[in-house]
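Note that the chains are named A, B, C, D, E and F in the order they appear, and that numbering of residues resets to 1 at the start of each chain.
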Amino acid sequence: MAHFDLPPEQLQSYRAAAPAPADFDAFWAQTLAEARRFDLNATFTPVRTPFVTVDVFDVTFAGWAGQPVKGWLTLPRARTGRLPCVTEFVGYGGGRGLAGDHLGYASMGYAHLLMDTRGQGSGWRQGDTPDDAPGAGPQVPGVMTRGIQSRDTYYYRRVFTDAVRAVEAARAHPEVDGARVAVAGVSQGGGMALAAAGLCDVQLCLPDVPFLCHFDRAARLVDSFPYAEITAYLKTHRGRSADVFGVLAYFDGVHFAARAQAAALFSVGLMDEVCPPSTVYAAFNAYAGPREMRVYEFNRHEGGENVQALERAAFLARHWQP
Amino acid sequence: MAHFDLPPEQLQSYRAAAPAPADFDAFWAQTLAEARRFDLNATFTPVRTPFVTVDVFDVTFAGWAGQPVKGWLTLPRARTGRLPCVTEFVGYGGGRGLAGDHLGYASMGYAHLLMDTRGQGSGWRQGDTPDDAPGAGPQVPGVMTRGIQSRDTYYYRRVFTDAVRAVEAARAHPEVDGARVAVAGVSQGGGMALAAAGLCDVQLCLPDVPFLCHFDRAARLVDSFPYAEITAYLKTHRGRSADVFGVLAYFDGVHFAARAQAAALFSVGLMDEVCPPSTVYAAFNAYAGPREMRVYEFNRHEGGENVQALERAAFLARHWQP
Amino acid sequence: MAHFDLPPEQLQSYRAAAPAPADFDAFWAQTLAEARRFDLNATFTPVRTPFVTVDVFDVTFAGWAGQPVKGWLTLPRARTGRLPCVTEFVGYGGGRGLAGDHLGYASMGYAHLLMDTRGQGSGWRQGDTPDDAPGAGPQVPGVMTRGIQSRDTYYYRRVFTDAVRAVEAARAHPEVDGARVAVAGVSQGGGMALAAAGLCDVQLCLPDVPFLCHFDRAARLVDSFPYAEITAYLKTHRGRSADVFGVLAYFDGVHFAARAQAAALFSVGLMDEVCPPSTVYAAFNAYAGPREMRVYEFNRHEGGENVQALERAAFLARHWQP
Amino acid sequence: MAHFDLPPEQLQSYRAAAPAPADFDAFWAQTLAEARRFDLNATFTPVRTPFVTVDVFDVTFAGWAGQPVKGWLTLPRARTGRLPCVTEFVGYGGGRGLAGDHLGYASMGYAHLLMDTRGQGSGWRQGDTPDDAPGAGPQVPGVMTRGIQSRDTYYYRRVFTDAVRAVEAARAHPEVDGARVAVAGVSQGGGMALAAAGLCDVQLCLPDVPFLCHFDRAARLVDSFPYAEITAYLKTHRGRSADVFGVLAYFDGVHFAARAQAAALFSVGLMDEVCPPSTVYAAFNAYAGPREMRVYEFNRHEGGENVQALERAAFLARHWQP
Amino acid sequence: MAHFDLPPEQLQSYRAAAPAPADFDAFWAQTLAEARRFDLNATFTPVRTPFVTVDVFDVTFAGWAGQPVKGWLTLPRARTGRLPCVTEFVGYGGGRGLAGDHLGYASMGYAHLLMDTRGQGSGWRQGDTPDDAPGAGPQVPGVMTRGIQSRDTYYYRRVFTDAVRAVEAARAHPEVDGARVAVAGVSQGGGMALAAAGLCDVQLCLPDVPFLCHFDRAARLVDSFPYAEITAYLKTHRGRSADVFGVLAYFDGVHFAARAQAAALFSVGLMDEVCPPSTVYAAFNAYAGPREMRVYEFNRHEGGENVQALERAAFLARHWQP
Amino acid sequence: MAHFDLPPEQLQSYRAAAPAPADFDAFWAQTLAEARRFDLNATFTPVRTPFVTVDVFDVTFAGWAGQPVKGWLTLPRARTGRLPCVTEFVGYGGGRGLAGDHLGYASMGYAHLLMDTRGQGSGWRQGDTPDDAPGAGPQVPGVMTRGIQSRDTYYYRRVFTDAVRAVEAARAHPEVDGARVAVAGVSQGGGMALAAAGLCDVQLCLPDVPFLCHFDRAARLVDSFPYAEITAYLKTHRGRSADVFGVLAYFDGVHFAARAQAAALFSVGLMDEVCPPSTVYAAFNAYAGPREMRVYEFNRHEGGENVQALERAAFLARHWQP
């Protein structure tokens, strides 16, 4: 069915029922504290690209457990003063790509730090960051169930920590205005943006068709990957669903949204079978800061694409070019 | 099968057997002469975009039968003197998109004119150019068999004429250096680049995984769209295959290649089931000008993507930044 | 799911909410008036077939904008007096086929005029009628979005006008009894029959599993082609859905049904994912004339096939052999 | 791959290597002798249809083991003298349908007897003939492996016997000219026509895209049903392939072809993955009588459809309307 | 959709509305009485296997109409006294396999009789039992519609009779304790276990994800085979649905459940599209004896697999090892 | 195509051209030496199962880097003296399952140690062994490209080391006869058996339809997973194919086969698209010890299943029950 999820009028007020785990904040406070024991050690090495309008830097910073995480920082070549900065996260399976692949935000005059995602970066764009995965038990292919045996070993604990550290890396650059930092991303990138916005203080949050929200509904509603990695795991590991959803509750965008204060611009595709609209609205309706939604009624997971890019540009301009 | 076409060593010398129709050049000379009876009337209207490093212009020029064809001209904002220009054509089903969608070439310091494709621009990126299709008989969905009843009414007669006029439009801009014009494109865009290089005098030609080459082999070799539109037509219109391939011979990239003098950079995916490697090599091996090939052994129709983008940038730099 | 649409008891009273556009009748009155400025010019040329029980004539008449539209007239060879006539329209993608392909109605003793559909006739049966499509903007493959930029350029404006003219062509034949004319067709042919019954005065209307009804529900309910061409268009042309459904409202079988006076025999397949049952019932329940429905509970879009053929025969016999 | 079988030039001389079993003729002689111990008992009961140009009779005759087999006899209503008769067999899964479904041959002025296929008639058109299957061991769904444990219990032993008896039933009708009998059919119907032509004396044979030819090649070449029922059986019943192909050798159209004397008109689709071209040519090249082939280069198993219908009509006219 | 059927809370009380046919019990009493006119004639022939912990016997007994049905009896080699016995039935398409394929129950110390299913045993595991199918009319491939023209000729009449006779064969073995007999099976095997439990006196019943329950809902709810064989039949044989479901009512697991007294352990997969959960619950909620359900929330038709095997073992141990 | 690989007669002599890397043996000698620095520490803890004919032990031993690897040891309960032992490895994605899932070999009177595969055990049967994957760079989902950046970090370095250690663990059990050890497995399990046979001294090797052989041919020949994980990686990481196949050369079953001395029983499915026959024959034809092949002509990757189980049993009996 084309519009397979709740009808639009119900979506607008849809909320997930389950509260965050009682020690959600403590878990994350401790996780970040542990990560911050390592020096951030952000380095920005200029790289040669074919482009004359921007400067690109190869970024390395200490992510989870101090492990090196890669990224690209792209700055407009013609720049003065400290720049507002978009910290962007990548969709499932992709990596940071090549230097100069990301011209958009820098061409608008902003700094742009794109974080590589550990262990991914092979499905549709190259990545360069390993995932050291200690103690990760059996899993289905992909990363959705890597380390899902406990909240401590779960893959996204490392990734969301990286994301927070990426924001810190952006702020560590002398040409970035730390007061004007946005987090952004599409799909998994949107889920990471929500996590970052819930875990650290940023000004703006731009999650498009965000993934990693309302896991327990998604896994029962859709057959599509990557949520279906969870279902595949539970198919084999029968009787572990309470444990698994118990772990996932510490990584649910709905709970990060409820903690975020940044002004947010969401988007959703009403035919999205990958990140179904009710899961996106569950995060949106829980979002604690000021929030706007752009709805794409006849789109699947591609969402708004270049039309949403203009929406994002206008949203940033409203905040950054007053 | 993964590598379904000829083995690599045979590909390198593979050639299509059939010669061009005897009046191939006459047909095209007359077609272009008719088009040029209309004033080119190229207009470049500045448009507002979120970008500060480039200037974008909404382009209109008179294509086939003088009909208005749209495009975007993107120039680096910081520019001096006349710029070399890449004239780019779009893949099957897509359109010119939105102003500012194409930052790459301008960010390298070149002018970039992207031509919209008539009647397409709805499959994967927006377009704005109608296709007036007089006398087009029955067809299968798509454009591959629109007007295939005769070479005169065939859809790509109009499109290739538009492509030649797009080069003329680029040269008509006062900031473009007409001696340094490249034609480029991926898939259908690559086929159009070959057509343009065979029909007019350009300096460089960059066809990636080009479509519209060696139709008669492609239709018998692969089941994939869009070549399969031809097969679908012949499935219903039994007994018309000599006529249909007779018409297509006037539009075959192999024959345009044999007339092209521009230095060329091709690319091919050895697992490409859409534009099978033997059809790409048929054009490459027929190519009359200096030519280089980049081979992507484990890629399908996506070909080299951002890796090939760097190859193109290096190729342009070799010619334009001596 | 097998029975994916509304349950049977809700189908029986299901109605589309939206009224016809205020100027629906004016639009069509003007459209037909323009078409009738051209002489109908119906010609009937005898053709040789292998059959001895029927006579077949190659039909040409002036359709939209006076453009020639083809068809076959099949008459029982043994005939006396003026015959009742079934004017039939073809399903999506097909054409009139070959002379003698359509023996059924003539073998019942009736005249039978089968209209070719402009620009189609290549997907599953040969056609011979071009579609001159002036000013048709970007579109997805197929005809559902050809010219959808305005009601004036929309493809089905031309087709429905052709359909009305086909009825006039049938009546123009000296052996046809103009008072006993039925319109009939399966799927798209059913949609065209409804349009003809809404736009001109016919005695009987036999729409089987009709297409082109309740577009706005269909596009949100099913993923299947051809309705999905509309969705595909809106996927790329974001933000145009009000415009598109605004145009389609002038072509909706629900509104034609509300204007039809002919006695009607509908059919519906309750598992039909191409023309979902609720869209068929929306037309049926809006139908202004006397109406009967034949329900095929375990059929998809094939509907009743030869069983429904007998139903149609019995229906015609009831009216034409009293 | 589109053209997946041998290239056209090899097809034209392709022959199956294996000879018929030594007692092939004895087996069939005995099989038919046993069947003929039962009185043919052909009855022709007039049925009411909506058609005025033909008369239709419900046929019953004694097939294999004297079991009643159904069919339709359709005669032109206007008839004089004894008529030539086409005995037609049905494709896999289909049945005789409803009275009056088959107007073509009778509308050409010939008698037409369509034989129902035992136990099928549920996949795509209704049938009415049971298959009493004594001693049929385990099988995969379908009929290809029903009773394949021995040539005596194999399903097609019963079916081909029915086919021979159907010809006898046609000849038993007082208005049929027994000297002018053709056997015809598409796909499985074509295989049955070949069997009938090899097993009894008929004037003409019209097998279109015939199935049931060169089983051992087909099962190794294609994955498609119904040949794949054999593969599916051998997948489970490992080590039985010599037995299975040993049984099938008694039912191979190649061997029937080598015994047929009727003038034949074959057809083949070069993209046919159901009845691959080399298996059709294997029968054609073995065919002992005069033979012609119609080749459909861009067709799959649908073959020539209405175009081939005209070829058949012309072929019949050449023999029957001198 | 992942969870496509009713929500869990509705499943728990879901019941089928239709009562059993009035003469349901009479029909089965007569059917079994007829079968019992033939001597059971159970034979147990020792076969050589590679295994040293069990003894395997090739079983033959007289099933429906006295026809020989095969099976394997597997006994622990170390055994004393009379053993409780699990009589097991096989899933759709499979057969009894090879001697020694079934070590589980005998390795628990029980007797285990696995019944071969007539005419199947080719889809995924070898079988050896023919299905003599007298008077079976047209059918779709498979056995779901074999003989569906009447309750007397329907395939499962023979199969369920075989199942009852299999229980009798188990009890006929001198080392089996006739008071401690369980019937068991997965999918079709589960449906047969329900039938056996409803038709004869057994101590325990273990139907896993049972098939053959609540046919009329299943056929309207899911598109998957084998239930879809019924839909496929009705698609062609239009207007026969009341007859078909009338016949199936005599074979519905829901009605057998309502007559069963054995203690039962069911299982269900909430994502099971082959045997949808509501049809399993319909049987479970109608079950007359003591009953337990094991729910696998994230499983499809595979259900509980080795986890459920442990559940079954524990259930048997509770009853058989007190 | 059904038989898509080389014809049988070519398969029988097919050999891979590339030699093993010069330091292949040194690499593995060092790898194993490093692993053996850790104490094997094999523990065998009895577990309760429902079975009375066997005893099952939960196995833990030190695999690669001393990390704990799990397994099940199953012994016939009635046993005397030291038993020959089958060490078995699991197919891709599966795990060791539950205690008692593996009754076959112990029921033949042998010891049976089934090794869990690190990090898998979630795709189709439960596993319990984590994969500590230090320094594993970007990868596609699955394990085929985990750590493929170097031979040192490649996933199968750890797995094959575990396999050798599993043999050592089997031998460490006091009831196992270390002189009579076989390695066995299906698919990935077969590849691991080959690796173990090439890396340590075992008496017998039973690889069924082995995976992980002749990577460079497999990746170019088939599109199927898991070999396609390699292709997917190279699709994104363009230009890395020499590196990747360079790493894989250290893990190729062809090279292990050339070093193995154990008597071997292979099997192959000629329609196997997962482990294509030419890759299996490449290992078989390189195999240095005595070797036999069982060919399943009409099977895909399921190969011989229970028929091959009997072949394995007979092969073991020949060596172990003289």
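Convention: a contact is a pair of C-beta atoms (placed from the backbone, for glycine too) under 8 Å apart; a residue touches a chain by one contact, two chains touch by 3 or more.
Because the structure is predicted, anything quoted here is derived from the model rather than measured.
In terms of touching chains, how many steps apart are subunit A and subunit C, taking the shortest path?
1
Using Cα averages as centroids, what's the distance between subunit B and subunit E in whole Å?
From the centre of subunit B to the centre of subunit E is 63 Å.
Where the CA atoms of subunit C average out and where those of subunit E average out, how many Å apart are those spots?
50
Which integer distance in Å separates the CA centroid of subunit E from that of subunit F?
So the centre of subunit E lies 37 Å away from the centre of subunit F.
Could you say which residues in subunit D touch two or more other chains, in rising order?
125-126, 307
Using the contact rule from the top, write out all pairs of chains that touch.
A-B, A-C, A-E, A-F, B-C, B-D, B-F, C-D, C-E, D-E, D-F, E-F
So in the complex, the part of subunit C that touches subunit B is made up of which residues?
Listed in rising order, the residues of subunit C that touch subunit B are 93, 95, 119-143, 145, 232-233, 236-237.
What does subunit E use to touch subunit C in their complex?
Its residues touching subunit C are 4, 219-223, 228, 231, 234-235, 238-239, 241.
Sort out for me which residues of subunit A touch subunit B in the complex.
Listed in rising order, the residues of subunit A that touch subunit B are 50-54, 76-78, 97-98, 101, 103-104, 106-109, 125-126, 306-307, 309-310, 313-314, 317.
Once bound in the complex, which stretches of subunit C touch subunit E?
1-3, 271, 296-300, 302, 304, 307
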